[in-house]
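Pasting the structures here.
Across the two complexes that follow, chain A remains constant while its partner is chain B and subsequently chain C.
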Partner chain A sequence: MNRTPTLTGHGPWNARWGTVGMQRLSAHLVRAYWLVTAALFVAVILMLVLYTPVDRGMGPVQKIFYLHLPVAISGFLAAFVVFIASVGYLWSRSMWWDDLAAAAGKVAVLYCAVILLTGMFWGRSAWGVWWTWSPRLTFSLVLFLLYAVYVLIRPTIDSAERRAVICAVYGIIAFLDVPLVYLSVRLIPDIHPSSISLEPAMRLSLLAWFPPVVMLMAGMIGTRYALNRRLRSAEAGRFSEAPSAGAAIRVSAAGGHP
Partner chain B sequence: MTGQAYLLLAYIIGLSLLWGYAAALLLSLRAARQRPPGAVDGESRRQSARAPSITQERTAP
Partner chain C sequence: MTTTLGRIMLLVAKDLRIEARGRQTIAIVLVLGILIIVVLGIGFGSPGSSGQPVTGFQATAILWVAYFFGGVLCFEKTMDVERRDDALAGLLMTPVDRGAIYVAKLLTNLTLIAGLTIVITPLAVMFFRFDLAGHAGAFVAILALGMVGFAAIGTLFAAAASSTRLQGGLLAMLVFPLCLPVVIVSTQMMRELFLPGGQLSMPGLALLAGFDLMALTVGWLVFEQVLEP
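So, the complex of A and B:
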């Protein structure tokens, strides 16, 4: 029987892509990666409570900054992954680039949401308002909306090739907002601080928050990407085993990815 | 509300969102790995049952 390759370790997949031993090793490495990420989060939270000094001007609410900034940078990185994957798809027309872009797009939305939410708590305490239409806040909201639309339009396009092309072009254009978010505070007068001077202990705390937040972002993109690949492979396998379904349905099935 | 309460809320909401999504992804991947090959998951079934493709529209009588 000519079985279609899957990612489950059965059938010809092993011969084509690896061995069961390699799969087990990779599963162990993935587990270790998530355990290290979780442990780092516990460590930096303890550091925040026990070590990080309280800001004399703003008080304890200034500590939101240690989550807010790394999440913002990670969100930009996720948007950059969408950009690179979109360019990669248009260049090579390989579907795995599209799966990567789809995975990073969802993570970018999530991180943008967390940027906005943590920023709102900061703003309420520092400026007395939950939201103000300052350039950086506005461009950040636009960034969130751009990637939310990116995630929402993907399932509405049936043809896999059309969806990949449209989303790749959109992913490249959407990324143009990232430099605007970064530069707006330097080019336009803004209530949002462009830089904050930190004591050495505060700087160390800020640096300590970057690895776990970036690792979490990378882990999410990797996991979502693995799910996307699995879904695409399962769809392709199902329809190649049912030739009577016809080419028309095959096109539709290939389009059925988040 | 005090600054301490804002700080607590910001971290609880932020970290819950991040780790909640991460946990959901890991559980989905685990479920997908345990599913026998060829089995149809809910998402694939929904996606396949969607509107006909362009090719279908062209070939339909």
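So, the complex of A and C:
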């Protein structure tokens, strides 16, 4: 199917919904979405400072946990989006799936980096070292590496189709790797606590952190996806304007740019 | 089924015949493996000077680094053969299922990796004086299961990357992270083996088998999509 995205960059839906009125409405909705996300972040930060009790053992550093767990769950969700988009691309060969996978891949790397960093701060506070090969830290590192390579490898493949196919296969295997990595790191001797008990106020704080973190993840994927669509559309325009120079132009949409 | 098996064996025989005549892959892979062992040997220092043999931790690292880098070179070279004189286009025109081509390439790679391990492992044992004799069977079982998964991923991406710039270090960069579960499980199992009274971990073997199954299934299913003349 030949899909021609418009420069407003909202993917395949624009063919049907691409009127000026709809575009204005969607711009307002996007602005409202980000305002709500920012407001929620301000609220949960205030809650963390003013309401959440300080842990008796670890002190204020324990509050990293309220960010760490929602980011970890959101990171898995972003990785799942990469997986779904990769399967979708191999199934349909529509480039918008590849743009979605590229967008989610970048967000997954960012979230994995946050998981890793917050885990390291936790480790520094709990065990006095920045790094130890404990199962969970190793798991975070492997997850980060899996998706960092996914993002880094994209610009090295010139052909847009080859890039999409190779990255789709990689995205599928990377996601299938996640449970195997989780199980395999359990063979490593663990110094983590096996379970963490939380007071009701702490549990409420943890739950409150989920909506803004998940919304930030979804918003970033959406924004990056819209940008990828615009880049691909712009590249398609360049090709159609100068077909003779087509071989010399490097297709750089959807991850082909730095 | 018999026909598919026959075709796979025919393709493997073709690849191995080319290799036997040119010996281009195995020679390079062996030299690379030996070089890695030598570099690590220089880095760790001679065990003879301190009288201490290399520990299980170091032995595992030495072996897996040599196997992995040698393996990636195998994957690249066996696909390179198909790029010359448009051999791949000819291969794709034959009435053979693409999955069968994948399995054939995988078996060729596994044969070459077996050749690499047969040379590298005794050499490393000789250089670093670690003791394999007590658990030779368990060591081979871990290695065999680990290498099937590694080769399944490597063969798939070597085929995918052969028409791109993803050669050399970049192919390794693509294959290594995906094979990290194999590295984690195999190294943990081998470390346990090298400990006094070490036993073969059954959950570890099951995990390796699970990874192999996942990699082989995905490889079989998507190989057709990644192969391009």
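Everything below uses one rule, namely that the second predicted complex is superposed on the first by the 214 of 258 C-alpha atoms of A that agree within 3 Å, B and C clash if a C-alpha of one lies under 4 Å from a C-alpha of the other, contacts with A are read in each partner's own complex, and residues count from 1 in each chain.
Everything below uses one rule, namely that a contact is a pair of C-beta atoms (placed from the backbone, for glycine too) under 8 Å apart; a residue touches a chain by one contact, two chains touch by 3 or more.
Model, not experiment: these values are computed from the prediction.
Chemist: Look at A:159 in the shared chain and tell me whether it touches chain B only, chain C only, both, or neither; answer first, second, both or neither.
Modeler: In the superposition, A:159 touches chain B and chain C alike.
Chemist: Of the two partner chains, chain B (first) and chain C (second), which one does A:170 touch, if any: first, second, both, or neither?
Modeler: second
Chemist: A:183 in the overlay: touching chain B, chain C, both, or neither? Say first, second, both or neither.
Modeler: second
Chemist: Which partner, once the models are overlaid, touches more of chain A's residues, chain C or chain B?
Modeler: Between chain B and chain C, the winner on chain A residue contacts is B.
Chemist: Looking at A:131, would you say it contacts chain B, chain C, both, or neither? Reply first, second, both or neither.
Modeler: neither
Chemist: Which partner does A:96 reach: the first (chain B), the second (chain C), both, or neither?
Modeler: neither
Chemist: Contacts for A:223 in the overlay, against chain B (first) and chain C (second): which applies, first, second, both or neither?
Modeler: first
Chemist: Looking at the overlay, does A:146 come into contact with chain B only (first), chain C only (second), both, or neither?
Modeler: second
Chemist: Between chain B and chain C, which residues of chain A are contacted by each of them?
Modeler: Common to the two interfaces on chain A: residues 158-159, 162.
Chemist: What residues on chain B touch chain A, complex-wise?
Modeler: Per the stated touch rule, the residues are 3-4, 6-7, 9-11, 13-15, 17-19, 21-22, 25-26, 28-29, 32-33, 35-38, 40-41, 43-44, 47-48, 50-56, 58-59.
Chemist: Going by the contact rule at the top, pick out the chain A residues touching chain C in the complex.
Modeler: Contacts found on chain A: 90, 138, 142, 145-146, 149, 152-153, 156-159, 162, 165-166, 169-170, 172-174, 176-177, 180-181, 183-185, 187-188.
Chemist: In the complex of these two chains, what residues of chain A are touching chain B?
Modeler: 6, 8, 10-11, 34, 41, 45, 58-61, 63-64, 67-68, 71, 107, 110-111, 113-114, 117-118, 121-122, 124-125, 155, 158-159, 162, 213, 216, 219-220, 223-224, 226-227, 230-231, 234-235, 237-238, 241, 246-249, 251-253, 255-258
Chemist: What residues of chain C sit close enough to touch chain A in their complex?
Modeler: Contacts found on chain C: 153, 156-157, 160-161, 163-166, 170, 173-174, 177-178, 180-181, 184-185, 188-189, 201, 203-204, 207, 210-211, 214-215, 218, 222, 225-226, 228.
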